[in-house]
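So that you can tell them apart, the chains are marked A, B and C in the order they are listed, and the count of residues begins at 1 in each.
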Amino acid sequence: MSAVSVAAGRTWRRTPFIANPWLRWAMYAGALVYLVLALGSLHVNWARLADGMVRGWRFIEGFMHPNFTSRADEIAVGLQESIAMTVCATVVGIGLSIPIGIGAARNIAPRPVYYLCRGIVAVARSFQEILYAIFFVAMFGFGTFAGFLTISFATVGFLGKLLAEDIEDIDEGQVEAMRATGASWLQVLNYGIEPQVLPRLIGLSLYRFDINFRESAVVGIVGAGGIGATLNTAINRYEYDVAAAILMIIILIVLVCEYASSHVRRWVQ
Amino acid sequence: MPVTNAAGRPQWRHRTTTGQLTAWFLWLLLVAITVASWKVMTQDTIWDFLRSAPAQAADIASRMFPPRWSYLEKLWWPIWETLNIATIGTLLAVILGTPLAFLAARNTTPNAYFVRPLALLIIVSSRSINGLIWGLLLVSIIGPGALAGTLAIMFRSLGFIGKLLYEAIEEIDHTQVEAITASGASRAQIIDFAIVPQVLPAFAGISVYRWDINIRESAILGLVGAGGIGLYLEASLATLAWPQVTMILIVILCAVLVSEWISARLRHAII
Amino acid sequence: MLRVTDLAKRYRTGDEALRGVTFEVPAGQVVGLIGPSGAGKSTLIRCINRLVEPTSGAINLGDVEITNLSRAQLRKARRRIGMIFQEFALVERLSVMENVLSGRLGYVPFWRSFLRRFPGADIDKAFRLLDRVGLSEHVDKRADALSGGQRQRVGIARALEQDPELLLVDEPTASLDPKTSRQIMRLICEICAERGLAAIINIHDVALAQMFVFRIVGLRAGKVVYDGPPAGLDQVTLAAIYGEEDWTALSAKHKEDAEDAAAVSAAALVSTRAKLGVEQ
């Protein structure tokens, strides 16, 4: 089988992602037009921006000399509140997510329960947590309870949805086998479903704990307790060194959470 | 082992004694920590407020409905601004976050002792600080407005995109890289031919996902003054104009639903 | 043209994958490398183009000592060595053409490869090679849309696009069914005969090796225990390489064997004719 002679000088171009050239160029043009309009809408105030450089530098300096001492009490209280809120909200959130997640799984929940649970999860996920915080503060007053409710609600939405999806993705054969032995509904859940979804649930719960801590540091801005209020005050007073101290603590705690959770996840797997 | 020998016959239990004790201990610890946290958390809680909460809720609900539909015409510009904050912020984060991810991935970092830890530190710092806090900081530094919002989105998304992308880069199929290396390609060519095609789907998916999340975040950045529809929300809340608040929430909800739909379609097309 | 002298590889875990391997491959010779799993065949092949760094010893390709080259010089040396992989190692998401052209990466600057503007001669060569391996209709298909045998042929085309002086082939048939394995081996050996290309083929199927190559090197536990013609692989030598087993089944001859042997000889004949002045 010798080489068949092919006309020399054949060219080749890489096939572009969008085959139709008109569509492709239309998309490039559209993107360009959008970019110009969008950047225009930003209204950059160059004078203010120049001022900002000075203040920005002060902020960076704050990081090099973080101030943990002058507002130590407020920071300690705020931190305590944040961590306490995180723990309670995560525990309660997980506790509620499990029945709601089970109820939101199409393959094991009866229809009305399924719609109800999916509705709860959808409402919990519709808006950013801070909006719920505002309403809980209006209803329950300022303080950590409102923050606790906010974060629990958000946790239920997050874990409930993912748990429901996980349950819907399981290997039905294992469930079938359990049913075949005559097990009750709860036993089928415990033996056929739980072993399949538990590892991922634990991983997600640890991830959510991390997210919840970060949330707890923010809800204070609208009065729902935690270190967010202290941070807000420090920034409003331009006390960048105190703000830097608080941010460093937050980053450190998040790092520790991540480290611990990766260990626990490996141990569970 | 859960199998032991007692009275001459093998016995099986769910866990060994040590295992059982450990499990009980861990549960106890969890309960103790939760109870302690609850005490700390509720030490300043005024329980009377809780009792009046349902009444409060009903009160607010009655004030919120019906929504003030006429307010809608004032909201077109803010939602357009919100969309731009999210889009440009995500774009900037993608442009900066992609090289960052390459610096942070074990198999593509030029220096494992200095550059990689630095890149990882940047990623962690960016992720740990909530978008709203970034908003606070930037408003304080460069003043209120959409620019602060855009930069806040950028700084927050940098860590998200960087982390997911570097994990994708570390998980690529190594033999494809080997093959390109064997032909005598340079480092840049190896990245271009063997690594980029493998992470492209992940890259596109991550970017679109983050854009979707950013639409939600941009909507509330205005609460701290960083532009977008949140500014109007803050103003309405401050003046207790509840029907307007409802209108704004409806608009935000619609924007989120549309962006989620777009994001799901795009991610589906990319796979 | 390839000279391996006293090559040794010792991993950090203490495993000695290669111990004092020495042999020479003259230009145009196809060598089959056989041995049990863990004998060091893959390691040896990867040491030659330094995908794995040898612990000691020397490797000479022509007059260049590969073991002493800097990174930039190593890249130039690697251009002269084409490699074919067991699991094909194609870039799955790129098209067949891009995979074949990636063989030229060592020759083109980054900006050309990035914009996919390869020189016309390279593209012509790619088309010719795809024709030779029988994949002309699949030029713009994504690599992961092809079957195993087709993918390996793209791998062969990619290696040849480099215009190499030496082919390193790492278990080209391990992931293929028996019939396709034969076709691929036949293709590789025919091409080597046509171009007078030297090759080292790492192969675990002794019968296939015996059928297609004219020299066999047997490796066991990192040492060369046999170096000679396939006919010399009797019971004793096979036992020395692989351990005790009934090796009579390996020597069975099939009808297809004769066809394959004839095809390779015919290719060698064509190549000789070309060298004597007939235009290819």
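By definition in this document, contacts are C-beta pairs under 8 Å (C-beta built on N, C-alpha and C of every residue); 3 or more make two chains touch, one makes a residue touch a chain.
Everything numeric in this text was worked out from a predicted model, so none of it was measured.
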Query: Viewed as a graph of touching chains, is the assembly arranged as a line, ring, star, complete set, or other?
result: complete
Identity of the chain that, by mean CA position, is farthest from chain B: C
Message: My parser should flag the chain pair with the most contacts; which pair should that be?
response: A-B
Message: Taking the mean of the CA coordinates per chain, how far is chain B from chain C in Å?
response: 49
Cα-centroid distance, chain A relative to chain C, in whole angstrom: 50
- request: Express in whole angstrom the distance between the two chain centres, defined as the mean CA positions of chain A and chain B.
  value: 4
Task: Can you tell me which residues of chain C touch two or more of the remaining chains?
output: 98
Statement: Note: in the complex, chain A contacts chain B through residues 34-35, 37-39, 41-45, 48-49, 51-52, 55-56, 59, 80-81, 83-85, 87-88, 91, 126-128, 130-131, 134-135, 138-141, 143-145, 148, 214-215, 217-218, 221-222, 225, 228, 231-232, 235-236, 238, 243, 247, 250-251, 254-255, 258
Message: So in the complex, the part of chain C that touches chain B is made up of which residues?
response: 49, 51, 75-79, 81-83, 85, 87, 89-94, 98, 102-107, 110, 113-114, 155, 158, 162, 168
- line: So, in the complex, the side of chain A touching chain C is made of residues 1-4, 6, 8-15
- request: Write out the stretch or stretches of chain C touching chain A in their complex.
  value: 95, 97-98, 116, 120, 123-124, 126-128, 131-132, 139-140, 190, 194, 270, 280
- prompt: Along chain B, where are the residues that touch chain A in the complex?
  reply: 30, 33-34, 36-38, 40-42, 44-46, 49-50, 53, 56-57, 60, 80-81, 83-84, 87-88, 124-125, 127-130, 132-133, 136-137, 140-143, 145-147, 150, 216-217, 219-220, 223-224, 237, 249, 252-253, 256
